[in-house]
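What follows is chain A paired twice: with chain B in the first complex and chain C in the second.
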Partner chain A sequence: MWQVRTVLSFLTIYFFWFAVFTQYNQIGTYTRTTMFAYLLVAAFLRNLVLWSDSYHACVEIANGDLNNYLLKPLSYFGNWLARDWADKILNLLFFVPELALLIIIFRIPLVFPTSLWVWAWFIVLAILGSLLYFLFSFLVSSFSFWYPEHDGWPLRFFMLMFLDFLSGAAFPLDIFPQPVTTLFKFLPTSYFIYFPTQVYLGRLSFSDQLSGLVIMLFWLLVFFYLVKIVWHKGLQIYGAYGR
Partner chain B sequence: MSLKKYWRCWLTMGAMTFSSLMSTRLASLLFISGKIARIFLFILLLLALKTKITLLSGYTLDQLLIFYLIYTLFDLLGQIFFRGIYWYRSDLLSGNFDFTLTKPLSPLFQVLVNHTDWLDIPPLILTVIFLIYKLPSVSVSTLLGFIFLSFLAMILITAVHIFVAAIGVLTLEVDHTIWIFRDLSQMARFPVDIYTQGVQFFLTYIIPIAFIFTFPAKILLGLLSGRLILITVLVTVAFYWLVIKFWQYALKTYASASS
Partner chain C sequence: MALISVSHLKKYYRVYKKEPGLSGSLKSLFHRKYEDVKAVNNVSFDIKEGELVGFIGPNGAGKTTTLKVLSGLLYPTSGKVSVLGFIPFDRQPQFQKQFSLVMGQKNQLWWDLPALDSFLLNKEIYEIPTQQFNQTLAELVKMLDLGEVLKVQVRKLSLGQRMKCELVAALLHLPKVLFLDEPTIGLDVVMQQKIRDFIKGYNQKYKATIILTSHYMDDVKELCSRVIIIDKGKIFFDGKLDAIIKKYADHKILELVFSGPVTKSDFSVIPAAKIKDFDLPRVTFSVPRDSANEVAAKLLTKFPVADLNITEPSIEDIIREVFTGRDMS
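Then we have the complex of A and B:
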């Protein structure tokens, strides 16, 4: 049933843009082909980058199950990172064939990167995006140390309300006016889906790619250190409630 | 049991839910803020599209905004009154549903309305204010037509939740079923007319999403024919009747397996 929802979320977006492009040849700088290519790549990245099992960490902190890990000779962080990737791969094993089927049924035009270099670059950015989201998600989970009510869900819910919009999962962020697009460029959320997708489609100049990479690495470092600090402070006040 | 007693039961359960929400104020604040942010962000997207699109399937962007606000209105109303369905699966799994069946209250009433989501009230008020601000002047007859179709929409929303509850009894699957309905209903953030004919048919006659979300907006904009109002009445009556029969059938198969 979960997979049905994954397919539905793609179709909801696809049918809207299909309706738009039956009337218009171009929206902003997007033709019908580039928009559908964007949606396909964004759907793939949504199921890779934003598909994260690590949100259960906030439940473990909230109900005291964290104790089980603290006593074992393993890194809690590393353990979740490994489980996260296993879950991502499992999800893609289902989603990729489903997406292929949708491409065949709806005859969605495919666009591939122009060179192997772009493929490699896209894969690197997708991995970095996943890592960035993992750190971001872990930071949100750490909120449970201070506020274990509702298993840490309130802050995550709040964050999720923004995520689809600000990550570019449903539409490219550059359909907004230039000042808004520039603002988005400095937000970490743009690097989950929007930035790797733009690189895949070859829509960014070399300097834009470089500046994007610098901002992405900056956010990775910021989140890495924030997670370290927050985790350390969180463990100091951890009361193992529920145990 | 009389309607007055059901009303008192609902008030008591609502007051208990409210107390529970007030005991975790920060959580409630985050939930409300998230819900309001979702509405604002979508309106922001529509405003961005306004600079690129003049008409979509004959609708102006201002009209599309009305369709979105009506979608939000009924989506929130469904959640305010029928949030209980999200807690219902655990009762089925644990066998606590037996207690629901043995009480001198309709089990459907208990399943659907035992949890009123007061956190949806602030975004609802905001939506209504937006609607009043954005709507062109509406005649009394149009307003009466809207109220009538809103009543039918609420019956259909109730029917959908009963259908989900019945599926739950038969298969123990509840959460995904209601989420699939909500995912599908997101397509009604825009009028269903913009989609291809196959999708339109699906969203109108297979799952009555158009009757719940699109038609009330259309009548407000003076775009709904008398024939479609009649069809809405017939579909609502037929769908509700079928769903009640389905619920009764599901209850007969309930085996109370886990208790």
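Then we have the complex of A and C:
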């Protein structure tokens, strides 16, 4: 069902923009072709970067399954990172053929990066974005240390709803007025999808790419230390329930 | 040098209390009454290498909490804990490779996989050399008589088989320190005995230090020469099992079978003899330890007695009575 959901959500976004472009020729700086190219890359990243099994960590905290990991000479964090990537790869194995099918059915025009250099750069950013989201997601999971009564889903759901909007999964963030776009540049969420997609499409100047990378690395560092601190605190009050 | 050392350990849980019902739930959104539950309250003990110690106490006494602190799962509120020279909460790999915690009500085996897959996973996690792994596994499988079930999905196993597999999973890295939390819970008498024999064997063969908690006195009686009795987060006895009787049993049990008619009121002439159980022709008295012989002599001369038996009260009785705060005599 989850798989159906991902395809459906892509179709929803696609048809929305399809309808818009029957009225207008251009939205902001986006033509029909660039907009659909953006949406395709964003859909791909949505299923790579924002696809994470690590929300289960909050369930494991709440029901005490975390015990099994804490007892062993094993990094819980590293364990989740590995599980996360395994899950992402599995998801892409399903989603990429589905996306290919949709491209053929709706005859969506494809846009590829102009050089190998941009490809490599895009892949690096996608990996960094995944890492950023992983840390972010882990931080949300830590909520369960303080509120183990539920499995953390309410907060997770809330977060996912906002993320579709804030990460640029549904539309490019630079169709807003300049001040809003600038604000997005400093938020960590735009680095999940929007920033790598812009790089893929070659829509950013060199200085914009560089400053984006610096801000992204800054957030990575911030989240890394936040996770470290919050987990240290969380484990101190962890009740090791489940008995 | 003590292998496990606990001094003035305290672990308080913060819990909030909710009034029942919807109105209580709404209230708790805005105002929560928090309270400290003193799960472990100033506990100290030392355990030497190779000791097999029984940890007993009623539900909620703090046994499991203590074991969880010793395993590094819980952060102590205050006090010092050291196991094998490590501070458990630091969770250093060198420490984790030398101990195991087995909980009778919680499993570490993967539910959907055969036990053997979980064992192989543990082999990698604990970095056990292949040769040692094969040898230990063969030995444990033989000791626990597990040959057939290793390749069956864990969810399909019986409780007894699963518990045995849990033990194997916990012992593959040959831990020097073993914490067993109710390992025999829910098992039948035969299986309990097998697990017990196994624990004893492991203790002797590998000189392992073991702490065992159990509700079954038989576990403790058979396995542990030393017991620590804990109640409401405090230790109130730590020593040899026999010593409990000497310390707490200030009375003996006289069991008489009468050959003629007697009534309850007949025995009021011997005030020291309290009737515990009156089921003619058998009557059981509880008598202060010092006057046991004297009371027995009086009963023999004054009543038609067919049989007389003087015994110590059972450990179960003593412990139960101590816990419920009742007068033991």
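FYI, the second predicted complex is superposed on the first by the 243 of 243 C-alpha atoms of A that agree within 3 Å, B and C clash if a C-alpha of one lies under 4 Å from a C-alpha of the other, contacts with A are read in each partner's own complex, and residues count from 1 in each chain.
Definition applied: contacts are C-beta pairs under 8 Å (C-beta built on N, C-alpha and C of every residue); 3 or more make two chains touch, one makes a residue touch a chain.
From a predicted model like this one, the values you see are computed outputs, not experimental measurements.
Legend: residue contacts after superposition of the two complexes on their common chain; A:Gln236 is shown touching chain C, with no touch to chain B. Shared-chain residue A:Leu8: touches chain B; no touch with chain C. By the document's definition of touching, of the two partners only chain C reaches A:Asn68; chain B does not. In the superposition on chain A, A:Leu160 contacts chain B only, with no contact to chain C. Ranking chain B and chain C by residues of chain A touched puts B first. Looking at chain A, you'll find no residue that touches chain B in one structure and chain C in the other. Chain B contributes residues 24, 26-27, 30-31, 33-35, 37-38, 41-42, 45, 48-49, 51-53, 55-57, 173, 176-177, 179-180, 183-184, 186-187, 190, 194-196, 199 to its touches with chain A in the complex.
Listed in rising order, the residues of chain A touching chain C in the complex are 64, 67-68, 70-74, 235-240, 242-243. Interface residues of chain C, counted against chain A in their complex, comprise 13-14, 64, 68, 71-75, 91, 93, 96-97, 100-101, 103, 105-106, 108, 122, 125-127, 181.
On the chain A side of its complex with chain B, the touching residues are 1-2, 4-5, 8-9, 12, 15-16, 18-20, 23-24, 27-28, 147, 149-150, 153-155, 157-158, 160-162, 165, 171, 175-177, 180.
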